[in-house]
Every structure is written in C-alpha cells, then in structure tokens.
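Labels A, B, C and D are assigned to the chains in the order they are written; within every chain, residues are numbered from 1.
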C-alpha cells in the first residue's frame, strides 16, 4: 500500500471524479493526501515531498490539462521526487482526439507514467497502481 | 461620475482591478444607456412576461472568446435554436481576475478565435459588447462561475446584458477552493447592490439563482435550501427578480415535487423577510452531471428533462447540449438540442402539470419541504436572521454541507445515493438538521435498495453517480 | 407433403401464387426446422418473457430489397440500436403479389441493392432467409401491409421469422382500396391458422395487432375496438400471442389511459370468448403521422413517446426513426433513434407508471372503455358473435368507421380533432354507437376548444393533423 | 369553379394528404371526383373524361411517383383530354433532392402543370388553381 497525493490541476474545479478515485484508493488501503480543486504544480510537489508520496494523481477535465500539467514532472524531478509515479485522468483534451495523440503528449512528452480516459473503471486504476508499486518495490 | 451608490462603497477597489475597463464605466452615461435599451432585451422582464403568458423559455449554454465567434454562436442559437434568452459564459481567466493575461492574448489574436473557454467580458471594450447585445437583439444572461464577479458584472450590465447567474454559495462551494464564505458573500453582495442600482434606474437586472446542487444525485431539500438562502442574501440588497433552479435528478415524481417545493419555499421565505414584490420563476436545468458520450442517448436525456420540467410546471429550461459528454458543443448541435426540447415543450404546452394528487409527488413534496425548512431555519438561527452570516456558520458546523464540493469550507460528510425507484436519498446525513421522520424515510428507502443488491454501499454510491449517463437510473443487474 | 392442416384448405391455391416458392415449402421439413430454432429467436417467447421480467423491448422499422443490404441494416440495428426484435418490412410488389416482376428484378440486379421498398420474402430463396435469421440471431417480425399476406407468411414462418403484423381490418382499411372485408378476413384467417399450426409444432408465432388507428388524431376507443376485433378473429383460429398497439396520440393522460384501457379490453373480450391462455403484451408505437423534417425535433418527439409509453406501462416500443419526415432512414440514424428511446426507457425503468389516481387518466380510461365496449358489442351483435362477419357489416353500416381511410369499405363520416389540452375528440361521430354521456363529453371539450379560437371547425381539423409534426399540440396563436 | 379528379397514384396508399386537399377544394366550391388510393393512370383518365374534369390532382408519397405518374399526361392527351390541368403533390421523390431536379422531372419531362412540396399550404394550391382556371377560361 502506498501514499497518493490527489488533486484537480490548475484552474480546474472538477473534483467529483478525483474524489471518487480517492474513495477507491482509501477503500483499497492506500493513504490519500487530497488537495481538492485548483491545485498548482508547486502544491502537488510540496505535498508529495511532505508526505513522502509514492504517487501523484492529477485530474483535469476542463480542457486545460496540457497547460496546467505541463511542468509537473520537471518540478517533481527538481524537488528530488523524480521517482514518484505520476498518473493523469479526467478529460485531458478538448474534444476527443485519437487516444494515441493524448498518450504521445502526456506520457511521451510530459512524463506521465499512466493516463486514463474518463471511461476507465476505478478498479483498473487500482490494479495498475498495485502493479507499479510492486515493481518499484522490487527495483529499489 | 455620480456619488457612490448604496452598497457599492467598494466600487473604487473593484474598478482598480483593471483600469482600462474602469475608464469606460461612467454611471451617468450607463443610466441613460440602459433605460433606452428596449424592454424585449431585458431578461427579468421577459421572464416575468413569460410566466404571465405561459410561454416556456429556453436558454442554452455558450461562451466563446472572440467577439465574432461568440456573436456567430449566439446568432445560430437564436435563429436555429428557438432560444429566448441567450447566454454569455465567461472564461476562466476572467473568473480568476487575470485581466492582464487576457489582454496579452487579445493583442496576439486580434479578431480571431481565442484560446479561452468563455467570453472575456472585462477585456472586450464596452462598445463591442453593446454591439453584441444589439446585434443579437435578445435578452442576454451573464454566466459566471466565480466568487469575485464584481468587475465582470459592472462591464456586463453597463453593456445591456441584463441578468447574471448567482452565486454566493453555489460558486463558492463548487468553483473555489480556499475562498471564505464571507468573501464570496461580500463580493456577490456588491453585484446584488449593483443590480439594484440598475433597477432604480428603471432597468432591473435578473438573477438566475443556482442553489447548492452539484452534479451527482443531489437532494432537492439541500438544493432548495441553498436557493432560498441565496435569494434572501440578494433580496436584502434589493434584488427582486429570481429565476430559481430546480435541476433534473432523474426520478420524475421527485423532480416534479422538487420544482414545486422550491418555488413555494422561496416565496415563503421571501414573504417572511418582508419582500412582497419579488418575481420568482422556476428553471429546470438539464442534468448537470456526466453525460452520455453518445449524442443519441443525450437527445433522450435532454428530452426526458423537458418532459419532467413541463410536468413540473417549469417556466424555463436551461440546457446542456447533446455534445456535453464529449466537449465544447458546436453551436449547430447546441441549437439542435434546444429544438428537441422545444418540440417537447410544444407538445406538453397545453397539457396540465402532474397534479399533487399523485401519491408519489405528494410524499416527495412533503419530505422536501420539511427538510428544506429545517435546514433554512437552522441557518437563519445561526446567522441571527442574517442569511449570509448564517450560511458561513452553517457550512463550518456542517448544518449546510455538500458532497463532492470543490471548496474547503464544506465538511463533505453528507453522502447520497438513489433508492430503488431512482429517487435521491441521503445515505449519510452528516450534521444536517434533518427531521427524524425524514431520516427514517431515507433510511428505509435505502435499506430496500440495498436489500436488492449484492453491492456495498460504497459501490452503490459510486455507480449512482454514473447512472443517468449510462442509462439505467438504478442499475438493473445487481 | 403431409395432409392439409386445419384451416389451410386453400393451401394449394396459395402455393400456386408462385410455384418457385411453393416448391421449397415442405411442412414436414419445416416442422423439424422450426422446432430446432433456438427459443431466443422466437418473438412470442421473447415478448412473454420480457413481460414477466419487466424488460422493455424495442423494435425499429426497416426493410431492404437486397439480402446483403437488409442483413447489414438489421445488424446495425441489433449492434448499435439495442433492438430486441428486428423487423423485416416487405416490399410493395410482394404485398401486391407481383412475384414475377420481383423475379425479373432479382435476375437483373443479382446480389446488389434492389429498387424495392422492402424485403421480397417470397422471391428470396428459403435458405437465404434462413441464413438471414441465423446470422442476425434475433427474433424477427414480418411487417406486411397487405390484404393477401398468405404466401409471404408461408415463406417467412418457414424461414424462422416468428411473428407477423396483423391486420385483417387494419390493412384492409389503410392499405387497400377495392378489397372486401370478407376477402381480407379470409386471407388473414389463413395466416392465423398457419400460425396455429406452428404453435402446434411447438414453435408459436406471434401477432403484432394494429387495431384500426390511422395517422391523424385518432380516438383510442376506435383504435382499441379494432384491436379487440382483430384479436378475436385471430383467437378463433387458435392464435394466442398478441402484442397490441396503443399508438401515441400526444396527450399524455389520454395516452396513458389508452394503453391500459386497450389492454384491459383485449383481455376482457378474449376471456369472454373463452380464451384463457392468451399472452397479451402492449406496444406503444411512436407517432404514426407526419413527422418533423428536422431530426432534432424528431428526437424530441420520439423521446416524448418513450416517456409516455413508460408512464403507461408499455411492454414494448415500435419506433419510427428521426428521419421519418424526410425519407427512408439510413440504418445508423434508425439505430440512433432507438438509443434515444432506450435511454429514456432506462431512466424510467425503475419508476412506477402514472397511477390511475390521476384524475385526468382516470377520466380518459372510463371514456375510452365505455366507447370501446359499445363499439365492440355492437359489432359482435351484427356478426352474431362472429367478429369477422360483424366487422364487415359494421363497416358497411358505419358502426365501424375511420376518417381518412384508403379503403372504399369505410364510410368516412367520422371526424376528429384535438381539445384544448390536445386530447383527441370526436367532432362528428358518424354512425358510431358512442354512448350519450361520452358524446356530451366530446362535444363539450370541442366547444371549449372552439370558443378559444377564431378558426372554423374545418381549419381546426386540418391544423390538428399537422400539430404533432409542427410542435404545438394545440396551436397557440389562435 | 371547376371539377377536379383526385387520387393517390399507382401502388400508393397515402391518402390523408390528398383527402385534405379534397376538403379544401370542396370548401372553395369546386366539384371533386375522389378516386382514393391505388389509382392507375387509366382510372384517372376515365374519371376525367366522364366528369369533364378541368384538372387532375395526383398524389404520391411512397417514393414511386416517377414510375406511377410517368404515363399520365400522354394518356390524357391520347384520350383527347390534353387540356386538363395536371397537378402533382405529396413526396414525389425518395429523400429530398434539390427542388429544381424534381421540377425538371415532373414538369419538364412528365408534363405536369404544377407540382408541390409537402410543405405547401392548401390555400396556395387553391389560389394557383383559381388563377390557372381563369387563364384557361380566357384563352378558350
């Protein structure tokens, strides 16, 4: 079980989805540091450092994700938290472009470990996290 | 400039938020301008008249950054959407007072489409927005999810935009994180005083009151308690035109009861506060939560909303588009959504509402009314009659509380779900002052639901958030 | 070939209508084949089960000439339309027994799309249609507007198509001109006997009973009287599975009452005829008259139909598409139309029907029931208990009568319109045996409507035919 | 005032529209010979001859108009009734092609005097007929 920092990024107030994810995380036995709405990159980083988090779950629905999540991985690296798992979800784009494009942007370029479409079942996220945490445990 | 009008003592501070806008805001000139605006463009007047004549009004949601793009969109909604009231949704930058950023953007993009999720009402010149208003020649409502809408309201009303979505509690709870209740109430109080100033000039500004509802299965009593409190806060500043939301939650009888109960409660508490000249109209907003990604299913959903609203006696619909589940709708799809609703409105227009003789409607009405009164009375007690102060204390104590709030002012202890007929019920009352007999009703109903399913309460709560979007209001294969 | 089964003494004549089809029809082989067909493809069984489980069924309308085109369309409707029952509408040539013409066409076009407005069930080889049935793997209903559907029914049932729209009165009145009632009843009687033969083999064939309704504002009593008579005619030949239509007419309370009243009346008269093992399910067909040319408005209309059907307790919807007002719908649009309906069905699924406690529903129910019984009783009297013979006499005398009929057997003296709430009323009773108190009710209601308008009765009658398509159920600016 | 023969042509059973037109014609004082549904060209011609009709109103909705109305003008001419006004209406085509194409087919090629879209107000038809009848009256 790990510690996860959660929040809706940047100027985003859509919190319902990430709160459901939080409920799922707690249910599965993880510790959750919930930052709520309108979370700036620095706040994610600070909370991750303070809580010695294993993962940061950043949510974005309002279409601004590519701006509001842009510096997050770098900021984590700078703060010496480069190893933290970074997951993104919600509606990461305006409209619904092909999923490969979304992955290319957020995973390949912005350094997310995993991103999710809004149709993802929470169980899927939980099992991915478990796997990733296990892998990290082994590799450390 | 004339002497600072009543309730606007902060005006200088507000205007200082963005001097280039402030320069255009001369109250004397504005007074002349708005009085000369034709009556058919005044939202409050159009709503009052529609209530008298029985015509049901439609308003879509839309807001684009560029003037031309926004004007074109509103024109499509007017000409192809049968819209009676046109929206002007404000962008996020403006809502967060980032006017300089918008100015830079405007300078870069000129007349073209802007990468903004709404119309930057403060940055576009006053004359430009006035042109917009006269070009589309329909009543326009500013839609602004913000806890500091003061300068935006100044610019909008001065341009002839004659209504605003309000907000002191709703926008605090769902659109802010660290803002205090006091701040939000004070900022919105300013807007209400400004609206009253316009009324005194002879050009009343309307308020579209949200209540507290969120985008999950949300109890009508709590929604309505928020609406009553927001109306009281605005009425204390002199506002008199309230278009109050009773949003679709899915169970027909409960939704019919909800609209009636909220209407009656708003009128009751306004009268109790000594306000006897208010005009209260009722809005059925389409489902405000997650939408089906499939436009065809979304057509079913919004048409269902239209039936439910008509059977409730709604005066107006404010509607999401059938592309809500996908992304910002294109104006054509938005207009098509309105036409589907209009067709239902037309069909049900001559037919009487669902009567309270229906047992289910009657029961829900009693339940909502009892809970709503219990909550509002407790809040007013906490505020010693002052609804703003009462709300602040109540949120702190959990006497007002909302699940899934964005704001940290909410305790978030309340949990809701659907019973086996899809009606919204409390699963956890948090610290809400709900009467005992009502508690028992909710608990019994949820017990019956849970008895029929193998799921945990947690799973039920989660799945109910998706049910309207998926289809089955209560999951079938449980 | 086995000995001629009961009621099929004309079989040789029927088979002689098109020998190439007849050659494929070996009753012994067919008996083996249909018994082996899986139960989930049997319309009658699926309807009976759905009634028990509460699942509401959807069936679209579709029929293409080419096998591939038709198979593809049904596949789309199955996969994207959530259709439970699939249609196979027959083309006009087949309905008019022009099998040689179809053969020429088939020879010319081969596998490609055919210039036919439906599936030529008699000309396509039996094995081809059997492949269709097993490929789409859903229950299929033959939809055939004809007064001589005998050979088509032979070919369809033998292929595993397990239901047929019926018809002795409906198809006579609305799809023929010079055919006599006796001919139509005899031809359909053959089909009913054939269906009973299948039931005896263990593979019951369903009937979708139309009643007498047309595509203008049509009184539910007259619609239901036709349905009762058609059920009695079929039941006398041994049929037991009736999916009875109660089509949308627009006024919600009247439509709710209509479905209930027709269900109760069909059950009543079947019991009176000594039939105690019938399965009666109720269909709400979407509006069958002129449609809006605008798809968005049509979405509103069909979604409204879905709400009305669900509040009526309908077991099934048979739906036109949102392109009905334009032309033959493409399968994708047809599927989208079904999804809109499905969404409403999902939302209202767990919610109880509108109770009869609603005063309006109760009143309409009483009115429809009284009129329906008066008409059916008079027809049965004329036929001395024989519903077919009674119907023939009744049409002649105007005891059964329909406005805007295609058939010359109808006097066409009845005139209908809408009252001020949009409910359908008689303007002229013709020679229908409507009880006096009902007459007064209709007349009073129409008087109130006419008092509110400057229009002549003629103009009201005409405009009411267009009202559902235009929107306002009762014209507003009168 | 004139005499008008009406009917739904060929294999068409859609009679509601043409019956409304008949009601309008009678209302305006014309004599109507109503043939109802499924009317073959020969039936139109016979009725026109027998009633000394001024006009034939042929309706078609089911998409087969271009076949079922094809020989009507010629048959009228052959029967010595070439002068009869020939109006068509309903839904003359499958789907909704550009109106010019429909006119080209039915007026230019099939010899109709006037054809109408299904949105036509009956008043329009009546006033056109009155005008046409007046013109014929003069020119005879």
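The criterion applied here is as follows: a residue touches a chain if its C-beta (ideal position, glycine included) is under 8 Å from a C-beta of that chain, and two chains touch if they have at least 3 such contacts.
From a predicted model like this one, the values you see are computed outputs, not experimental measurements.
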Maximum distance between Cα centroids and chain C occurs for chain A
Averaging C-alpha coordinates per chain, one finds the centres of chain A and chain D separated by a number of Å equal to 70
CA centroids of chain C and chain D: separation to the nearest Å works out as 31
Dist(centroid_CA(chain B), centroid_CA(chain D)) in Å evaluates to 55
So chain B residues touching two or more other chains come to none
Multi-chain touching residues of chain A, meaning two or more other chains, are none
Contact graph of the chains (line, ring, star, complete, other): line
Full set of chain pairs in contact is A-B, B-C, C-D
Counting only contacts in the complex, chain C reaches chain B at residues 250-253, 292, 294-301, 303-304, 306-307, 311, 335-337, 339-344, 346-352, 354-355, 357-360, 420-422, 468, 470-474, 476
Note: in the complex, chain D contacts chain C through residues 8, 11, 13, 15-16, 19-20, 23-24, 27, 36-39, 62-64, 91, 94-96, 119, 122
So, in the complex, the side of chain B touching chain A is made of residues 92-93, 96, 117, 145, 174-178, 214-216, 289-290, 293, 326-328, 404-408, 458, 462, 465
